[in-house]
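Each chain carries a letter (A, B, C and D) given by its place in the written order, and its residues are counted from 1.
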Amino acid sequence: MTLSDDVLGRARVVDTDDLKAYYEKLGHRGAGALWTVANEIEPWYPQPKSVPMLWSYRELRPLVLEALGLVSGDDAGRRVVMLVNPGRKDISASVGLLYSGLQVMGPGESMTAHRHQAAALRFVLEGQGAWTVVDGQKLKVGPRDFAITPNWTWHEHGNEGSDEPVIWQDGLDIPLVNAHDAGFYEVHPDLYQKQGEVVNSSLLTYGHGQLRPYGFQAWDKRYSPLFAYPWDRTYPALLDVAAASDGSPYDGIILEYSNPLTGGSVMPTMSAHLQLLRPGEATKAHRHTGSVMYTVAKGSGHSVIAGRRYDWQEGDVFCVPSWAWHEHANGSADDDAVLFSYNDFPVMRSLAFWREEAYPDDNGHQTVE
Amino acid sequence: MTLSDDVLGRARVVDTDDLKAYYEKLGHRGAGALWTVANEIEPWYPQPKSVPMLWSYRELRPLVLEALGLVSGDDAGRRVVMLVNPGRKDISASVGLLYSGLQVMGPGESMTAHRHQAAALRFVLEGQGAWTVVDGQKLKVGPRDFAITPNWTWHEHGNEGSDEPVIWQDGLDIPLVNAHDAGFYEVHPDLYQKQGEVVNSSLLTYGHGQLRPYGFQAWDKRYSPLFAYPWDRTYPALLDVAAASDGSPYDGIILEYSNPLTGGSVMPTMSAHLQLLRPGEATKAHRHTGSVMYTVAKGSGHSVIAGRRYDWQEGDVFCVPSWAWHEHANGSADDDAVLFSYNDFPVMRSLAFWREEAYPDDNGHQTVE
Amino acid sequence: MTLSDDVLGRARVVDTDDLKAYYEKLGHRGAGALWTVANEIEPWYPQPKSVPMLWSYRELRPLVLEALGLVSGDDAGRRVVMLVNPGRKDISASVGLLYSGLQVMGPGESMTAHRHQAAALRFVLEGQGAWTVVDGQKLKVGPRDFAITPNWTWHEHGNEGSDEPVIWQDGLDIPLVNAHDAGFYEVHPDLYQKQGEVVNSSLLTYGHGQLRPYGFQAWDKRYSPLFAYPWDRTYPALLDVAAASDGSPYDGIILEYSNPLTGGSVMPTMSAHLQLLRPGEATKAHRHTGSVMYTVAKGSGHSVIAGRRYDWQEGDVFCVPSWAWHEHANGSADDDAVLFSYNDFPVMRSLAFWREEAYPDDNGHQTVE
Amino acid sequence: MTLSDDVLGRARVVDTDDLKAYYEKLGHRGAGALWTVANEIEPWYPQPKSVPMLWSYRELRPLVLEALGLVSGDDAGRRVVMLVNPGRKDISASVGLLYSGLQVMGPGESMTAHRHQAAALRFVLEGQGAWTVVDGQKLKVGPRDFAITPNWTWHEHGNEGSDEPVIWQDGLDIPLVNAHDAGFYEVHPDLYQKQGEVVNSSLLTYGHGQLRPYGFQAWDKRYSPLFAYPWDRTYPALLDVAAASDGSPYDGIILEYSNPLTGGSVMPTMSAHLQLLRPGEATKAHRHTGSVMYTVAKGSGHSVIAGRRYDWQEGDVFCVPSWAWHEHANGSADDDAVLFSYNDFPVMRSLAFWREEAYPDDNGHQTVE
């Protein structure tokens, strides 16, 4: 499977003194010889710097909580422990061009408002009092709820609970925005937004996805008008679909959080999924372009990524880089396992970069190293 | 408001003997003089042949039930009392190019399967045992449920209840299909379809509109993959939206039954709405192109259509022709009123025929004759 | 091929005295029994009232010219000889829901400005001085040029030639607009439009279809920004495509006049084609939903429509109703034949009414009666 | 205009020994503290690593020609002098995530066929015999012609001229593809493609942009079916548009090479423009996200980019990084100047990253350093 570069059609110039002198002349003029880098910049198949990685919630949770006493929210801006891929420290990415972090807010704490070009999403890991205000709309979110903070929306958040901290996972496209030289940031001029009277109004208005307000509530944004997708609606949906369908051989019963006005992804740069691995289910391996961050929402099991096994339990986070083989297994014969994930698939599709293939051997299962 | 045709820019030829002779020569060659019909075929504003009309359920119900004993389902094909607009008897239309009928099925009765180019929708008026099989998928529907039978899908239906008849309202675009010379019809070769095991599978799979199956359940049809929209989901949606929004000045809280994969209308030729008139609510008048059939799903009240008042109660059906002023009022100060309606708005929009305007006088209320 | 209605799945009720009494009761309540009309309104396949028809230019031209002396342009509004399908006299249609007419303007004559919901297109048959002003833009058009007057655009036209009349063919969707109760009409308040300085500016700006103005000339209309498609560009295009392609088995080298900003049809209700039948070419037969009006732009030949042969020469107009088999043949072994045509295909596609099939027998050729 | 990070809403934690110890613990678990990098990765506005740059054709041309004698085409794969932005040497980019190079082919030379995920475009600078075969279609291109080689299309090229070399500019999205871990590459199994008989067949078929093949030549690709846009069509288009329009205040008469089937950009990741600066014209400054590579197709003049003046003449290449102010001036009072450019605007729009603003001061003109 390793392809040789020593073939007609690839660059295979042997450097000579003349050529080295030539390269130096080119360098002085802001130029270079393509053949010196051609094979590297046009590889046979994707060569991500990101590596597969699992972040153990059991290990990270104490460190996240420790931050509560180390920095104030006001000083930190946001009190977040980033999940950094060993291969992407230079750009603070978790995988590909996606960022992730675990944010902690103490009881009664709140943060000031800002906005940025980077789009954000949240998946709540623990704690009862979390809220966020997105463009003036207050959302309350609890464990396993999913919420979005689309690009350039004003946002601030806090924890109105009285005794326990909130930890949620942030997912942002910060490295993507930076790769494209497109980042903007603003602090709210009043530090805090004016809030509408109705809490979770987008959920009331758009949360019945197959019914659409007609002739009012006009919406022309590129992102979903629905900002919160609570677990008490998403988990029953998984069970309903499981009652009617076999799902995907590679992902079990997998649903995409969608913009109810278009059926498309919640934001133009990131999409998110919730998937059910039924008791005993082990999916087949496939690979595709695009990077994925997974969070274990419920249950335990393991995934095999690029031939290596990663065992996971609730709260753990792991990633699958572009074009890496991957398959998932529920570790229990009795209980559901549910994975939340977010990805850059909308980007891959917009740019016509999407490719996908099934693992061809051994009935779809990788050999584990 | 009446515009004269005796102006420059309109046809105003005075016929002479010479002209009459000329017209006759034209007639012999499959031709005619435009100016003899120009003002009629290019009117100042729409001149529907359809008139506003209310069909009283209290009056029609006995007649509908009487049909049970008069014709068998097999002989009738479908046992349906059509609602015929006095101005459109020639094309069996209820309003504009829309057809409607009240279909009755006795306990235990079932009909054979067929399909046609005309698209159909159903709104259940009474009875508990109704079912329909649409392209192999069995749907059970109860009072106030909405269901669709998109064009060219196989369908058959029946009443599996043991003691009471089912009456539902059919809405079809038969006159539209015929106006466009596009009608096709087929009887199912086996008379009955093979049915899938799961009842209401589209509701399980697509009924959580803001979550979309990913990587399975591919859908490339021009109509909604969701075939049933039960009242126990649609009525709570109305209440939720009412809690977060003031709705439309012309329609109250009005929701469009939508294709969850696109956010668009359920079918390319017809859309349907469910609207809540809050206790005491009286909407303002507007008018628009497009024809609408309303059914009173809940409560009572009245509508003013083209300056005339129509009182309605549950089960009643009424129509608003294109470009007629209309406004609605809930007759109760304590209870909700809910109107179901279907229309040809998707056609009006596709063909760029859509226009809308607010009633300009008297704070939006028509003078009732 | 004739299907019987005496089968299970079709209505086949035998009327009795009881039933007749019942029908009468229904009639008094604005209702009827579906089974009395079901087979008629849901036919096995389309039953157009329009019939195939050829209008001979040689025969009609003298009558068209005669109108010059019979009515003034100001009195007629437009001096047009309509082409009326024998089956659609009630709605002044040429075929299906399409209207067509031959308009004549004497040297130096001009008409006042108006606008209407109906969309119009023109194909020039003879004369050198024709002009039209569409929303302030002056277009000059000569023989075989195609131009559009989209719905609700102000328009006026005339003949600035000094000695010969202009005859052009009008194509409008008037019957379509009326079938949908959507017609509006206005006379220009100043009777004449203000004109821009540049003639044929849309042709200069958008006539190089594969190059698009960027950052200026914003366009959000539902119709093409290009209003004129002159023969000196369209005929060479036919020849170019013929050099690279075999074209369609049913139509030869056929091109659709397109909106250069979308690649779609020029207007949302009507599209137009120009097609080349190469010397000696005889196409295979097919049929489809949708109605078509053809004009012979160049050459001579014949078409077989619904099993009957129609011979045509330059200037002749003929129609193909929905679902009628049709095939075309160039009558010359040496010269090109070119057909212009317009149709309602955009409607058929928008409403999901489009169907098409190839003639299955005799290598694709119909038996001529 | 420089914004301080020492404000509430930005990270402003002062590091302590405790914190440093904490950071180290995080580092051991694949984690980090967001506040240590937050201000850097979420800047107030874009901070491109790319700098404005002009590559002088007069200086580079001899070096490009020198490559002819230094490496064979077969060994180099492609004999290309890359244009490397001083700030993006790490990824071989010319600006942003765009690559460019000057490719030279000697008389009679040809290259083998391959394909890759990266999309390519060409703008011919000199030489008469250039050809390329794209997915089996042979294109011949001369000076100032534009051609595309969309992603994953097979391509090979050569120079069939007998005495002079060809130099063309390549534009590719290689860095973009790599940033997204999406690169694939294949050498053609037969080394050379089978070619169709007709040269420039896409130009014959789709080169009359406002006319579209109907019912044949189906196309479902994400890129333009038209592969070549020759100067003898594009330059007259500029002149035509100039006769009817004032163009854009920031760009003069600027046209986008478009996909004639959609009106959109030629490929989903890159678009290209041709713009005319009329004699004496000096545009106003604006800035926007997205990166642009310009090539001087005709004439001479200068651009002011981020406050610095760059003089240019025919063949020169220069770049404008994201969010840099820029304005252009034709240096001649008598002759046209024409700039060709390509960009990543389709990406910026797909990802909702597009922003644009006019230079607010001094009547739109920057102060030159």
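Everything below uses one rule, namely that contacts are C-beta pairs under 8 Å (C-beta built on N, C-alpha and C of every residue); 3 or more make two chains touch, one makes a residue touch a chain.
Quick caveat: nothing in here was measured; it's all calculated off a predicted structure.
Student: According to the touch definition, list the chains common to the neighbour sets of subunit A and subunit B.
Tutor: Where subunit A and subunit B might share a partner, there is none at all.
Student: Could you figure out which pair among C-D, B-C or A-D mirrors the A-B interface, over half of its contact pairs being identical by residue number?
Tutor: C-D
Student: As a test of understanding: of all chains, whose mean C-alpha position lies farthest from that of subunit A?
Tutor: Greatest centre separation from subunit A goes to chain C.
Student: As a quick test, compute the distance in whole Å between the mean CA positions of subunit A and subunit D.
Tutor: Chain centres of subunit A and subunit D, defined by C-alpha means, are spaced 30 Å apart.
Student: Using mean CA coordinates as chain centres, what's the gap between subunit A and subunit C in Å?
Tutor: Their C-alpha centroids are separated by 53 Å.
Student: Among the residues of subunit D, which ones contact at least 2 other chains?
Tutor: Residues of subunit D never touch two or more of the other chains.
Student: Let me know each pair of chains that touch one another.
Tutor: A-B, A-D, B-C, C-D
Student: What does subunit B use to touch subunit A in their complex?
Tutor: It is residues 198, 201, 204-217, 224, 226, 229, 233-234, 236-237, 240-241, 243-248, 250-251, 254-263, 273-274 of subunit B that touch subunit A.
Student: Could you please specify the touching residues of subunit A with respect to subunit D in the complex?
Tutor: Interface residues on subunit A, with respect to subunit D: 7-14, 18-19, 22, 25-26, 29-35, 37-38, 41-48, 50, 53, 55-56, 59-60, 63, 66-67, 70-71, 74-86, 89, 91-92, 96-97, 99, 101, 112-114, 116-118, 151, 174-188, 191, 222-223, 268-269, 289, 291, 321-323, 344, 347-348, 350-353, 355.
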